[in-house]
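Across the two complexes that follow, chain A remains constant while its partner is chain B and subsequently chain C.
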Partner chain A sequence: MKKNILGIMALFAVVFLFTALKNDSFLNAYNLQNLIKWSCLYGLIGLGVSFVIITGGIDLSIGSVIGLVASLLALLLSKGRDPSTCIALVLALSAGIGLMHGLLITKVKLQPFVVTLCGLLFYRGIARYITDNQSMGFSGHDTLDSIFSGKVAVSSQFALPAPFFYLVVVAVVAALFLNRTVWGRYLFALGNNETAARYSGIDTDSLKILAYVACSLLTGLAGVLFAFELNSVQPASTGEFYELYTIAAAVLGGCSLRGGEGSVLGVIIAAAVIRLLYNSINMLGISTHLEYAIIGAVILAGVTVDELVKRYAAARRTRQQAE
Partner chain B sequence: MKSFLVSASLAASLLLLSSCNPSGDDPKTGGAKKPKIAYVTNGVDPFWDLCAGGVRHAEKALGIECEVHMPNKGLVDQQRILETLLAKGISGIAVSPIDADNQTAFLNDAAKQTKLITQDADAPKSARLCYIGTDNYKAGRALGKLVKEALPGGGEVMIFVGRLEQLNARQRRQGVIDELLDRPSQSATDVKFDPVAGAIKGERFTVLDTRTDDFDKARAKSNAEDAMTKHENLACMVGLFAYNPPACLDAVKEAGKTGKIKICGFDEQDAALAGIKEGTVHGTISQQPWKYGYESVRVLKQILDGDKQAVPENRFLEIPFLVVTKANIDEFWAEKRRMEALGKQP
Partner chain C sequence: MADVAPTALLQARQLTKQFPGVRALRGVSLTLHRGEVLAVIGETGAGKSTLMKILAGVQSPDSGEILVGGKPVRLPSVRAAQRLGIALIHQELNLADNLDIGANLFLGREPGRGGWIDHASIRAGAREQLDRVGLKESPDTLVGTLPIGRQQLVEIAKALSSQARILIMDEPTSSLSRHETDTLFHVVRDLRSQGLGVIYISHRLGEVKALADRVVVLRDGENAGEMDRAAIVPEAMVRLMVGRDLSQFYVRQPQQPGDVVLEVDRLRTPAHPGRELSFQVRAGEVVALAGLVGAGRTELLQTLFGITPALGGQVRVRGRVQRLRNASDAIGAGMALAPEDRKQHGLVLPMSVRENASLPSLRRDQRRGLLNRAAEELVARRTVDQLGVKTPGLDQAVQNLSGGNQQKIVLGKWLALDPHLLLLDEPTRGIDVGAKREIYRLMDGLAARGVAVLFASSEMEEVLGMADRVLVMHEGRLAGELPRARLTEEALMQLATGGASDSGFTA
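Up next is the complex of A and B:
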């Protein structure tokens, strides 16, 4: 688990240094603030889906939940409802969505893939229906805007974007939960071998439900943050395909799709690597058509090198032990 | 089990029989029925709601019954809708084909059974009676003129767009570039495109780069942010798809560069119109989507009335685009709101 973090950190460092050497503006405060902002936004949903992936499940509905939360929030605010009630309502709705996923998966025993795939379609459709598929904005909500997409100045040059603080709080809580509580250890145990965990007396159903609630709740929070960051919501497209970025970040960051493995720091860095690659491609002025090819190639190269180094280290250890 | 299957298939065939022809009209004769026109889009989008507004406007103004269909599951869905319309004996169809080349055979078949025209996107090889659309290259050049207006002394320009795979995006981009570099006008049917990578330098203007975002608004904004970081002397952002100008505006405002970096764009999202009103967006080129709807109905009705002049000789009816700036923003926005409200009617 620790080795996986080293690999992704090295990949981050290589791309970061390479871009910094090639482009002078890359390290200026404005660009770093932007990089932190986007990394934190995607990191937040990456963390959410990690919980589900640790249990051996998957959540494909993330993009649609973001779309639904953002659309509903814009709709409620445009009707002049009380802002704090609106925020509470959409967060409760996302937790409720997670609860429903969890119940369908544990009690009705449906496959997570099917449940959340249907969710992907259902929530997107609802978002489009309730808004008449019209684009909506958030003008006139300056307080909410500063809470969710404001900046906190740390020096005259540098200001930390709001999503950073949300991510730090969530990451600390998640790390404590996973590594310092018995429930966290149970979650890993459940992901490694569900039957064994159940026979050891672990309430695997409740834990799984908890993982889906955490995932959807964090997705809902990210939906609110994205909505205010972008200041506009397109019900048909806001958040579309974000599940792919986040699942990629979770797996790159050390989660195994087979369950039982995962690291909070790893996922955050992996989410940052993907944003960094987009930023670097723009900074280096590489053709926009090459974007996907470069991101795919760099990540694949990173993962391959990581695997080879691990194997080499393991082989050396066996040799040393033999001697 | 067997008896269940038998009764189920019986019930299904009864259902089919009863739904086949509820009014009892023979679809072939059709003549005795009141003519009806269908407007079929290529998907679900606010753009199409504005077009639908034009259809509803024409429906009242010209006195002909219309229905609007928006397929939301792509090609198969569009084909299903068209087949149903033909089966019902619809008098005329205006369609935006999703995959013109591969739909040609089907469209030819449809053209035999009804009056068929294409709008927004053409199927040039099919037997459609005419095509109603915008000349996107010309519209791009008009956008280039807006940029020249915003930057009389010239400067560095960056282009932002969702995807360049679409012909209209490439034509718009080339129009902007040709205008900024003072090149002669190209023919819309045979446009030569500049490569996407690398800067294109002219005497007064330099087009630094074109960045795509695959319709992801977060990337549209981060592309605009990155452009400001990379190019200190960036003087104008050009957004080619509806959400690009608002995304640029958002990024420019947050960076505190309002007024320093000009913004010009395409289409008529409210955020862009608000920007024009407050002076943070220089202007936008609108295709006036409602005219697609209105003109489609008007032309089809004329064809149905037997008017020989309805279709131009080259079978192309050009919808003029409109340059929207501070000078005409109020009346344009009012018109958009009116059409939006009309388009939402069922």
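Up next is the complex of A and C:
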């Protein structure tokens, strides 16, 4: 796991340095702040989906939940409702969505792929319906704006964007949960062998439900942050494909889709790598039409190298033992 | 010399094989004749599977010689071995459940032209091979719909259809019922009379006695001895396998039983909803659940442990009525279960010795939800020390340990919780003789400390050797109870078969 994290740190460093050498404006404060901001937003949902992936599940509804949360929030605010009530409401809705996913998967025993695929379609449709598919803005909410997309100056030139602080808090809590609590251990055990976990007296259903609630809640939080960051919402497209980037980040960051593996730091760095690639493609003047192709190729290369390194290390261990 | 007799179908001479850290084979030789069933026995780790893999072309020996029909051969691949007529039938069957019998028999060498399969000749060819193994099923039957015993026969038919002359069978009866085992034996004897050579690997000495013409015993990667038909008796086999006597094998010193720990009253399990089960187990008792495969022993243990909740009836543990909806409830009541399928149900294989050993006790030792690393270390260390687990370290993944050591970890993880009632389902299945003895010693020791032990077993010798009392099940009901004083193989078999006949017991 450690080696894997070093690997993607190295990948990050290489792309970062290469871009910095090729284009001076890459290192300016505005660009770096932007990079941090988007990396942190992706990192938040990446962590959410990691919980689900560790249980051996998947969440394909992330992008649509973001679209729904942002749309609903815009709608409620436009009707002049109390802002903090609106935020609480959309977060509660997100948690409720996760709860429903979890219940359908554990109690009705539907497959996570199916449940969340239907969610992907359903939430997007609802978002478009309630807003009449009209884009909506978030202007005139200065307090909310500063809470969710403000900046904290660290020097006269550089300021850290709000999502950074949200991510730090969530990451610390997630890392503590996964590595230091009993339930974190249970989550890994259940991801590796659910039956054995159940035979050991672990309430596997509740843990899985918890993972889906955590995933959707973090997605909801990210949805609020995205809304204020973008300052507007397109019900048909806001958040589209985000589930795929975050699943990619989780896998690149060391999660196995078979379940039972994952690391907080790995996922965050992997999310940053994906955002950095976007940024570098722009900065290096590569056609943005190639964006998807490059990101896809880099992720594929990353997981391939990871697999080869693992195999090589295993072979070397066997040889060493033989001597 | 017998070694060079013209009938020698297969000979292995002085095979050696080195693995990381272990010398699996150190100059092992064996000879298989035409029309012979040769049993190869030995503890786990004695080198049986390595030898079989070499003979089937799965692995290559470091040195030594293999002769087929008197000619030296090389077996670099499974295909090469198959071409020479050697077929390995694995413990885990290699059949595609979703295909029919015919498709399985001809998988990879379908008759036909230009990619079009000739179904008629598949059916005809399959029919011929199925008749040889006594299967009446149509070649169009889906393999997945067959019971496991018949799937095994399909696997044999598949080997025969590729013109195999040498069959290597690795623990073929491990998941077969008594009836299926009888059928298999019948087929094996039939093949023997057709001139095939069969190498038969089994932990079950009763089967070896019933079937083998000759026995080769391996110990620590060497030939430990060989015996002919007349000399095959279980005591002699065990002596050669472990180098000590059977009389010291079962460790049981019955005590005066204490209070009732488990009281089952008209319990109904989902597997046999029409049957009511009532019995008791006392502190310090070792009670066996015996019966044929399918009698409902595993289902009873799983219901007691809350895995498949009861449909009715009552379970009292130390006088208190329990609601057993899941394993957590059962653990709370002071129960522990070492399940039959250790790899699927008992352990999280990729996780370490430490993580597995501490899994059930994590919550007890937690500090406000946080892992208590010191307590975890202690639990794992105790498991390894007290049960004599052989592992390079606590961080070793349990999938790298032998079956016996894995089973010790399954037991260790429960002992950390000091259970009042220990449920064991086939506690020594698939583990070597040395580890078996240690597990018997542990059961005896726990009973001496006042734990009530209830174990399900298909091994007659184990039941006779360890139980203070035997509960015999037949088709979901308790057919009877035998105290140690009245415990004989005959009495047990009569109850297990519903008192109908003297047909055998799974041993």
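Going forward, the second predicted complex is superposed on the first by the 323 of 323 C-alpha atoms of A that agree within 3 Å, B and C clash if a C-alpha of one lies under 4 Å from a C-alpha of the other, contacts with A are read in each partner's own complex, and residues count from 1 in each chain.
The rule is short, and it goes like this: contacts are C-beta pairs under 8 Å (C-beta built on N, C-alpha and C of every residue); 3 or more make two chains touch, one makes a residue touch a chain.
It should be emphasised that the depicted structure is a prediction, and the values quoted were computed from it without experimental measurement.
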Using the superposition on chain A, decide if chain B and chain C clash or fit. fit
By the touch definition at the top of the document, which applies to A:Glu240: first (chain B), second (chain C), both, or neither? first
Across chain A, the partner (chain B or chain C) reaching more residues is B
Touching partner for A:Gly201 - first (chain B), second (chain C), both, neither: second
Which of chain B and chain C A:Val182 touches, first, second, both or neither: second
Contacts for A:Gly285 in the overlay, against chain B (first) and chain C (second): which applies, first, second, both or neither? first
Could you say whether A:Gly80 touches chain B, chain C, both of them, or neither, answering first, second, both or neither? neither
In the superposed arrangement, which partner chain does A:Gly140 touch: chain B (first), chain C (second), both, or neither? neither
Shortest span in Å between Cα atoms of chain B and of chain C, once chain A is used as the common reference: 24
In their shared complex, chain B is touched by residues of chain A numbered 23, 25-26, 28, 30-31, 34, 38, 41, 128, 132-135, 137, 139, 226, 229-232, 234, 236-238, 240-241, 275, 278-279, 282-283, 285-291
Chain C residues touching chain A in their complex are 18-21, 305, 307, 326-328, 330-331, 337, 339, 344-351, 355, 359-360, 362-363, 366, 369-371, 413
In the complex of these two chains, what residues of chain B are touching chain A? 44-46, 49, 164, 196-198, 209-212, 215-219, 221-223, 225-230, 232, 243, 246-247, 250, 255, 269-271, 274, 340, 344
Please name which positions on chain A make contact with chain C in the complex. 180-186, 188-189, 192-193, 195-203, 260, 318-322
